[in-house]
Structures are given as structure tokens and as C-alpha cells.
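Sharing a structure below in C-alpha cells format, with a few things to ask.
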Amino acid sequence: MATQHSRSAARIMMAPAVVLLLGWMLVPLIMTLMFSFKRYLPLRGGDLGWTGFDNYIRFVSSSAFWPAVSTTLIIVGAVLIITIVLGVLLALLLDQPMWGQGVVRILVIAPFFVMPTVSSLVWKNMFMDPTNGLFAHLWRFFGADPVAWLSEASVPSIIMIVSWQWLPFATLILLTAVQSLDSEQLEAAEMDGAPALSKFGYLILPHLSRAITIVVLIQTIFLLSIFAEIFVTTGGAFGSRTLTYLIFQRVLESQNVGLGSAGGVYAIILANIVAIFLMRIVGKNLDA
Amino acid sequence: MGQIQLNQVTKTFGNVNVIPPLDLTIHDGEFTVFVGPSGCGKSTLLRMIAGLEDLTTGSISIDGVDATDTPPAKRGLAMVFQSYALYPHMSVRKNIAFPMRMAKMPEDEQNRRIEAAAKALNLTDYLDRRPGQLSGGQRQRVAIGRAIVREPSAFLFDEPLSNLDAALRVGMRLEITEMHERLKTTMIYVTHDQVEAMTMADKIVVLRAGIIEQVGSPLELYHSPQNEFVASFIGSPKMNLIKGEEAAKHGAATIGIRPEHTGVSMTEGMWKGRVGVSEHLGSDTFIHVHDTGLADMITVRINGDVQVKHGDTIYLNPELDKLHKFGADGKRID
Amino acid sequence: MARGITNQRKAINTAAAWAVGLLIFFPILWTILTSFKTEAQAIADPPIFLGFNWTLENYATVLERSNYARFLWNSIFIAGGSTILGLIIAIPAAWSMAFVPSKRTKDILLWMLSTKMLPAVGVLYPIYLIFIKMGLLDSKIGLVVVLMLINLPIIIWMLYTYFKEIPGEILEAARMDGASLKEEILFVLTPMAIPGIASTLLLNFILAWNEAFWTLNLTAVNAAPLTAFIASYSSPEGLFFAKLSAASTMAIAPILILGWFSQKQLVRGLTFGAVK
């Protein structure tokens, strides 16, 4: 339907969005790159000149670096696995005929509306607190010693909180996909005498692959940058420091902008590796 | 006024040449039908006239004024789309009023025209409904109403009847033809259905692969198709085309005889064959004849009901004065 | 699915689904309940579920302690402003991508999404500096712009998927009917896409409402939204469960109520327009 007129109109109408996003991407990126090659301590002398790759070397050789990278990947990976596995199961359950489906659906998606600061605080204090938390009550009820969740099992605790926040999203997308499954196909499979497990493996799971891709893509985007959940719960202590949080500490807590910026560049590189990988899959899946 | 002229128009999509250089003049008040198999470029041609598609080269003029670079909104043409393209969020009244609203026409004039169009199209009772609440035929009428009220210099129809069921299609065909008689406005109508083309057109443009195969009145096309393609495309059932020895006898590479121009006999005749399937329509009988040694199958059309059985031997008597002859290049030999 | 399902089977499904649903919802329910307890009841062992003396004193304390109305207004302003601004910029862009696609459309779309992968923390300091230079630190306008930019790719993507469901012929009809591009978008496309736009608006409003990196790092007092309001309860007031619950309830109630009233659009929006 394109004519020269509409094509040039299209370019003009896309320009604001493209220019804004390009600016939003490039300006801070270039500044970060510049700072990363400088010794820059805002509270201790400011800009102290170029230092080459010093910041990069220091950031990587810091004992906190590799643990932060692995914590990041563990959290992202674990949350993805948990939300997708539980999400598929939940979607299949919610797809069954039942009474009050609408209400159940709302109950299930509600955690998505809770701001991360609130859910972190609620989980941290009211559930995971080792003396007064609900879990502590529960443990004592069964005669077990309460667990100091956020100090003894900080990463699993954070994974649990974040999974609770993102399970609704995964469930809803997967549920929508399950509902769009052709019921005639399922009936045909039933006529062919396919057992439930192979019906799931050969019909349902392949049908869900596009939805799963979307869940992975969108959740990864958000999970790579989780911040409030750590800021509020552990403050990065007890081995729960992600790359994001480490950089945040370097920049704002120790006021070393040069070092933090170098970390930022690493984070950007990591994000890009993940992004390229994801875009490949998504690009392919979005064609369908 | 509504004279449309295409000069050396071409269209390429990427590397694909959809329309090679093409010239065509559509006179004021003419009902012109573009007909051809799907993918022949007829819709593309219409969309180029509408301004929804650029020309790759060449020019289009409307009423003698070059309109090649005029945006669709300014060409003064109205279009009826295959999907009707009604605005689903607007009532029928608002749909019909939309082009006038865009033209900033005074409100009372708008209302006068809406009432007139609604009356002419039997839509008066439906003016406050949404398109979603209407039947296919009614939607079609709304689309036409929306086109009429602008009083365009020409109407463009893009396969407007193909989404209707058979019975409605015949009715709408008559209505559109009558509308043309009444308005005397230029109409360009795209269809793949040769029956629509034959029954509605003043002038038919037969297209294949972007090339105009023949331009002429319906009867010109029926009686003297310029080539084998037009010969087999126009007319139903299709003209029988016979190659080889039998054609050579008539000094042609291919001869064609229409099913309705062939008589049958159970006892004697020019060609002998075996009856295959016969289709009884009541008014006519189509007999498909095999094993003639001429072509895989020869179809004949006999008035009234003829009792023949599958497997009967049958003799065919073509009316030789109605034989069409084509050369090796597929072109007509007179 | 028109398969015969016995009531017994349906009852089992119902019980299972409700159990799971309530389990997932429980932390929210517990928070709301606790907000009406006294501090002593809030930490009682064994926990009290419903049999406590309902009180509003926690809400009174929270309201007294901090200017809830200002935080609330800031949240509404920032989330609403960034979403509406984003829509104004995204609608024309999504129109272009959906109706005048070119070979690069998909690349541009994926590139836009990839800007969301840029770790915010990597560019925090530059943005911080720019904000100081431009006097935007702790200003609502500054946050509106930043959150708009963060959500713009998602808004464009969602609108693009919704717009693609609208047949191009209808827009062409508008063009034939003499509509200018502006009129085509304003009178035909936008009204037809209202459900999609509503879903986009709602979801992005919620994302902006809940955004807790930039809102925490770029505000202090004046522009601080509810995310900052609740962060101030992280310690040591966090140990006062009832007050924490009251504050939490106040922070999430507007969204929960909004979500309750616009379920249909939200459910559609929550799939980011990606799955039909």
C-alpha cells in the first residue's frame, strides 16, 4: 500500500521516536564510555584525568566482579525456569473448566500490580523475618528452627520474591496461548488415542513455544535490571550482589564514577550478548 | 467529467515487473471492467489509478490533467473495496458522511445527500446502525453510498461482489449496472469473474501478467477474441481448443469452437466421441465428450434437456462459420 | 471446548485452581489484613488470621508521618504523564511500522526493544549529571521524560501489534474519502484501535507506577512518588508490620483498584499484545 507520499510521511512520523531513543541510547552511552577511561571521583577531587584501561582492569580484578556476574545469571536463569515451568502448569490448570475462573485469574495476576519496593518489603519483613515472619512461625509450628532467609539463603530468597512477581505475567501469556490452541487438534489426538503426556509433548508444548519465547524475552529485559528487590532486602550483602547492584555501589556508595562506568560498560556488553542471543530467537519467532 | 488516461504506465515490485508499459484510455461515462485471472495486475492497476500505489514509470491523467503525483485524497475518485472497508466505529450515517465531512461540506447539504443515498440504496432504516450489525449486502450498499455522496468524477470498484453469496451477487450486479445507467459516471470495475465483466461492462479490458490482451465491448470479445487466452477466458463453459491435424485442416495451429456452437447427434456427425459426465441444468445440458482424438475433452452445450448416458457414443457437429482460428503464436487468424 | 465434563471433575479443577490462586494472592491479602491489626497482633504467634480487633490507627500514623497525598499525586503525574507522552510519540511511529512497512521495519522494532536492555545502572551517572545540569533532579518533568523513554519501546511494540490487526483497506478508504494523514490517524485509526490503546495505556501506566530504579535515584523530596514513599519504610520501621502493611496497602491500592475495574484491557495489555 505504500506510495512515495506515505513512505515519506512514515519516515517523518517515525522520526521523533527514533531520534529520542537514539539520543537516549547514545548520549549516556558515550558519556559512560568517556568516564570509564577516567579517574573520576566526584567527592574526592572530581575529574582526575585519563587513566586508560585502569578502571576496566580494576573492575574485573575486584573480588566482587565474577560473583556478581554469576549471581546475576543465576537469578535471571532461575526466575525464568521457575516462572515458565510453574506458568505452564498454572496455565493448563486455569484453562480447565471451573467455577469462578475470572476471579481466580485476577488472584493469580495480582502480584504483577504490586510495586517491587512493596513486595520486597512485605516478603522481607512479614514473611522472611527470622523472628516474627510468617515463615518463622510456620517453621516453629513444625518444630524446626526458623531460617534467617535473607542472610543465610539470600539468593534463593530473592529468586523467590522475583518469581512471585513475574509468575503472573508468564502464566497469563501462556494461558492466552493455551486458549488459542485448536481444540479440534486436541480432539483429533484424543481420537488417535494419544496419552495425556504425549499430547502435552507433541501438541501443547510446541504450540506454546512462541509464547515461551516472548516470556523469556520480556522477562529477561526486566530481570537483568532488577534493583529494588535487592536494594530493599539485602542491600547487596550476603552474596546477593548482582552486576547492576555492584555498579550502583561503585557509583553512588563509593562515589567512584570512573570505576562504576567501566562496570556499566561491562553490564552493557553482557546485556548485549544476551540481547543478540534473544533477538535471534525472537526475530525468528516473530515472523510466524 | 471522468476521462482517465494511462500513458506508458509500468509497475515493478522489487525485481518483479508486474506491469510492463501499458496505455489505456477510459472515456467519460464508460463502464470499464478489468478482468483477468488472479495475479494479472488488475487490482494493482486500479490502485495505481486510485493513487494508493505509485507508478514506477509513466503517467496518469484524469480529465486531461496530469495526476501522477496527486495523492488519492485529491484525485476526486471514489473507491469501493473488496472488504467494503467500512469504518466499524461509526454508524452507517457517519460512514456515508465521512467523505463529505473531510471535504468540509455544509451540514445540511451532507444530510440531504445522506438521505438521498440512503433512499436510493434502501438503507434508510439502518442509518443509525453500526456496520457490524448489517448483512453483507447491506454493508456493500453502505460502501457504495459512501462513494456516491461525494459525486466523484469516477468510481473504482475492487472486486466488490466477491464476498457476497451467489444470489446476492446477481442482485448487486443489477443494482450497480442500474446505478451506472442513472448516474452516467465513469466506472472502473475489477473482477476475476468473466460473467460480471460480460454482463456489466461497456468496455472490457482483459489482462494477463500485466499485459492488456484485448480491449473491447463484451460482444466483440465473445465473437472475435484476438487470441487463445481471451478466447478461453471469455465465455462459460470455456471454448474448446483443438490443436494438431484437425486444426491444420482449417489452416490454423489451433481452432476453437464454443460449446454452444456445437450440435450433437447419436448417429452421425463430423467428430465422434464417447459421453463422459453430462450436467443437466434444466435449461441447458453440458455434455463432456471424451475420446474424440481432438482434445482431452470437448464440452458441448445443448439447449433444453438431452438424455445421454455415460459411455454412449456421440457425434459432434460444430457450426463451421463460428469456428475461431489461431496461429502458432496464439493470435487470431481471420 | 464442547467436551462433556463431569461436575466432579469440574469441582476438582475449581478447588485446585482456587487453592493455587489464593496461595499466590496470599501475601497481598496478608498485607491488607495486617494493616488493620495492632502492632502486637501483627506479630502474634500463632498468627491471627481474621479474629483480631480491626483498627485504622496504622493508617492514621502513616498519614501523619508522611505526606501521602503528595506521593500519590507524584505517582499519578509521573506514570500518567509518561504514558500519555509516550502514546503521543508512539502512535505515529506505530502507524508507520504497521501500515508502511519496509525491509527495515523489523530491525528498527528490535533495535527499539534492545534499548530496553541497556542496563539503567550503566548510564545512571550520566543521566544524573544531565539532570543536575538541566535542573531536572527531583523534578516530576524529568521523571516523566525518563520513564517515557524507558517505556517507549514497549508502547510502540504493543501499538504496532494492535495496529497490524486493523485492515489496511480501511485506512486506504479514508484516504480515498479525502482524509489527510492527520485525519486518517485521528478519526479512523485511533478510534478503531481504542481497545489496544487502552490496554497499552494501562499496562504502561502500571509499569511506570511501579518503576523503582529511576524514581528512587532521581528524586529526593519534591518529585518522590509512592515507590520512594514505601522505600522509606525499609528500616527500621519495617519491623512495625502493621504500619508497614498500611503504607504498602496505600501504595498498591490505586493500582489494584484500577486493575480490578479494567480487567479485560489489562489482561490483554499484560500479554504486551504479543499473544492473541
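A few points about this structure:
Here the chain labels run A, B and C in written order, and each chain numbers its own residues starting at 1.
Operating definition for what follows: a contact is a pair of C-beta atoms (placed from the backbone, for glycine too) under 8 Å apart; a residue touches a chain by one contact, two chains touch by 3 or more.
Values in this document were obtained by computation on a predicted structure and should not be read as measured data.
Averaging Cα coordinates per chain and for the whole protein, the chain whose average falls nearest the overall one is C. Note: the chain lying farthest from chain C is B, by mean C-alpha position. Chain B and chain C have Cα centroids lying 54 Å from one another. Between the CA-based centres of chain A and chain B the separation comes to 58 Å, rounded to the whole angstrom. One inter-chain figure worth recording: chain A and chain C are separated by 16 Å, centre to centre, where each centre is the mean of the chain's CA atoms.
Within chain B, contacts with two or more other chains are made by residues 51-52, 71. Shared contact sites, meaning residues of chain A that touch two or more other chains, fall at 1-2.
The set of chain C residues touching two or more other chains comprises 172. Residues of chain A touching chain B in their complex: 1-5.
Here chain B touches chain C in the complex through residues 50-52, 71-74, 77-79, 81-83, 85-90, 98-99, 102-103, 146, 150, going by the rule given at the top. Across the complex, chain C meets chain A through its residues 1, 3, 5, 10, 13-14, 16-18, 20-22, 24-25, 27-28, 30-31, 34, 43, 45-47, 89-90, 92-93, 95-97, 99-102, 106, 108, 110, 112-127, 129-130, 149, 152-153, 156, 168, 171-172, 181, 206, 209-210, 212-213, 216-217, 226-227, 230-231, 233-234, 238-239, 241, 244-245, 248, 251-252, 255-256, 259-260, 263, 266-267, 270-272, 274-276. Interface residues of chain C, counted against chain B in their complex, comprise 167, 169-170, 172-180, 183, 187-188, 191-192, 194. Residues 1-2, 6-7, 9-11, 13-14, 16-18, 20-21, 24-25, 27-29, 31-32, 35, 90, 93-94, 96-119, 121-127, 129, 132, 134, 137, 140-141, 164, 167-169, 172-173, 176-177, 180, 183, 186-187, 210-211, 214, 217-218, 220-221, 224-225, 227-228, 231-232, 243-245, 247-248, 251-252, 257, 260-261, 263-265, 267-268, 270-272, 274-275, 279, 282-283, 286 of chain A touch chain C in their complex.
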